[in-house]
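First up is the structure itself, then whatever we jot down about it.
We call the chains A, B and C, going by the order they appear; numbering starts again at 1 in every chain.
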């Protein structure tokens, strides 16, 4: 791989999955691989588990790791030919090229505005870093995707599945704030390349971009979706159509024990942080079929596989 | 030890002291002990010497160290069964369990509100992390205690004492702002388990919680307290009774050379940072009996002994 | 060297240059030199490339590296004998002495106020740290100097020069904000000790302090300065005379291809970040004679040579 921004091809995913499993099983075999290499993580937005798991992944490979909060003060210009007499102090051309001088791999987190859809979906920030960096770039969640999360999700499904081709349901759930579509977009993008039966369920007005959805099966009937499911992946997102809007806070979409009873003893997943008793009832997330902590644990191994692969080049 | 939150039992303290002295004398013997282990430090409040000394302690053991400022943006819910449709984005159940996936030891700094005494003294934050984390937790100063400081204080007294059972005086001193009781609480808690004659002196209205004080000797006569003292430990704190209030800024409580002359050539101690010529006169802190810098140095060795012990399990 | 705050003597510079070249050529020979040593970087102002390159330099030597943003909350008192009942929570005497307990080398970044010239040019912050620290101090840019930048600049000129004694031109260029004189001051201070013909050009009212300029040749005719130049070093600064003022935003001082045509195929340099089409036209910085990225790369090797030399003591 050259960079890790979106879902790779199917064969690549199969290879990465095998690698992640091997690293998780025998981390001691990989401790020297990144020695004298530097991982620079730039956070234009806050991060907890992505930062911790990706730093740990780099350190586990023996890399030097440098994290920087770039969320204030460092205003970057993206426009070609701009006359920079305003707020922006540095053009992405220099920013990306300079950080590349100090890094073997650059990680970037940059959230969407949720205001200008076209701009967000053009992925201005991370695309420009990929274009102008001379080293590989890893998305730590961009405007429209969160591939390290999706890779960890797939690894978790692989570990917990009881049948060759499980039924995996992505279910919208209510939330008090407007959230990006990055996690569900990426989840669908990855699941469509995996050996699963994918069903997406959400209220009217919450369909995701067709670029990500393709021909994935969608229903606005949550109960129908849950029927016989092996995995329930809960997530809120704001509207793509009515961009960034909260169209519903309907509590009947909250994942409860009653709804989980419709499934085939499905495992419950969420990328965290999660609003308890809004997204999911305590009884579900505290129950024996909740695998959210194991899922968070896999963030480390997914990131480590990606960093290893990028270093290998 | 399972976690390091309060003062351990006397035997444990004796063992930790011996360990800290050995590490300080022969740090090279401990450099490989923490290899491939990760120390995650979460700061819900600012920190300078606690962060530097604890990071260094972890690095000295060969640990991977990750520090995060968690003082904005990451609002944690502590209430059981809460419907999380407000400001809190993550429940401590997930927060502690998830960070445990990336850490071998978690350090937490969380100051008191100084508004609600019961809430502060219940130690909601650090107790919840201890309860829900699956790895040991170290207090980097909580609402009511600062045990890494007190351990370093005891180590310093051990090094500088000229008699088996020195007289140690904890003296309140004035300060322009309302400060927590964490340092004096912890100091008393540790000194009561140590081989010292402890005297606490403060103006009326400044008594500490009896849970910490036990039967420690207290006097509001600072001169009486200083008589024949071997160590003067200066510290300001706000009122416990009239919770969080500043009842006095009386400059006659400032530690001056005149007052030090009442002692038995006592060493001067303070946890730092210190307000010069408010808490203590320049003549005292700049004088030959000031051991505040040696005391700060011992923060590293105290922290290293604690981390070592927690890793040993 | 004891500390790295200003330009060293000529012989020292020659030695440091040779060292930086050797480290850059054979970094593997230096990887163990800083093992078990700790580099603490304190940033009283924001930093991107200085932080990344200096952290990397320390890590490349095997050092433990701890970076701290000290730009809020940690108010330091510098006045001798101050009664600290105001905002300042810690005196520099303790601050410097305490950080020295945890660090083998301390790096400090502290910008000027651009309001009180005398105070800025007395270098209160970094001088006090040098005075009270018990370990070497490295300037990460102080009120009036940026020596790690200048050292990297000189290393870059050494690498790209085509004749023994190149003509090096420092040219003022316009900028929308008031910037410090630190970079041009340091650049002149270093170039005056190097084997170059130095010319400084700026509009009227922008002369630098004579303490830095000495007898360096100055002209307000930019075209004259550029004639036959081998290196053009562009930089904005605010007025020294009318302290901190922006006296001109004259776009005729922008570095364009037309102006570069006056030179002897000069290389274009800038310390970055740079305002495109304000300081320099796209056609110049994107052209084949722009060496700004190579210059940024040399920040690592310059810093590594300095850290090595300070550790060697």
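Here, contacts are C-beta pairs under 8 Å (C-beta built on N, C-alpha and C of every residue); 3 or more make two chains touch, one makes a residue touch a chain.
The model shown is predicted, which means the values in this text are computed figures rather than measured ones.
Novice: Which rotation angle, from 0 to 180°, best lines up the CA atoms of chain A with chain B, given as a multiple of 5?
Specialist: Going from chain A to chain B via C-alpha fit gives 120 degrees.
Novice: If I list every residue number at the interface of chain B and chain C, are over half of them used by both copies, so same, or under half, so different?
Specialist: Both copies, chain B as well as chain C, present different residues to each other, with under half of the numbers appearing on both sides.
Novice: Could you state the distance in Å from the CA-based centre of chain B to that of chain C?
Specialist: Going by mean C-alpha positions, chain B sits 39 Å from chain C.
Novice: Multi-chain contacts in chain B: which residues touch at least two other chains?
Specialist: Nothing qualifies.
Novice: Which of the residues in chain B come into contact with chain C in the complex?
Specialist: Listed in rising order, the residues are 27-28, 31, 46, 48-49, 51-53, 55-56, 59-60, 176, 272-278, 282, 286, 292-293, 296-297, 299-300.
Novice: Help me check something: in the complex, which residues belonging to chain B touch chain A?
Specialist: Going by the criterion above, the answer is residues 36, 38, 40, 64, 66, 68, 70, 73-74, 77, 81-86, 89-91, 93-95, 97-99, 101-103.
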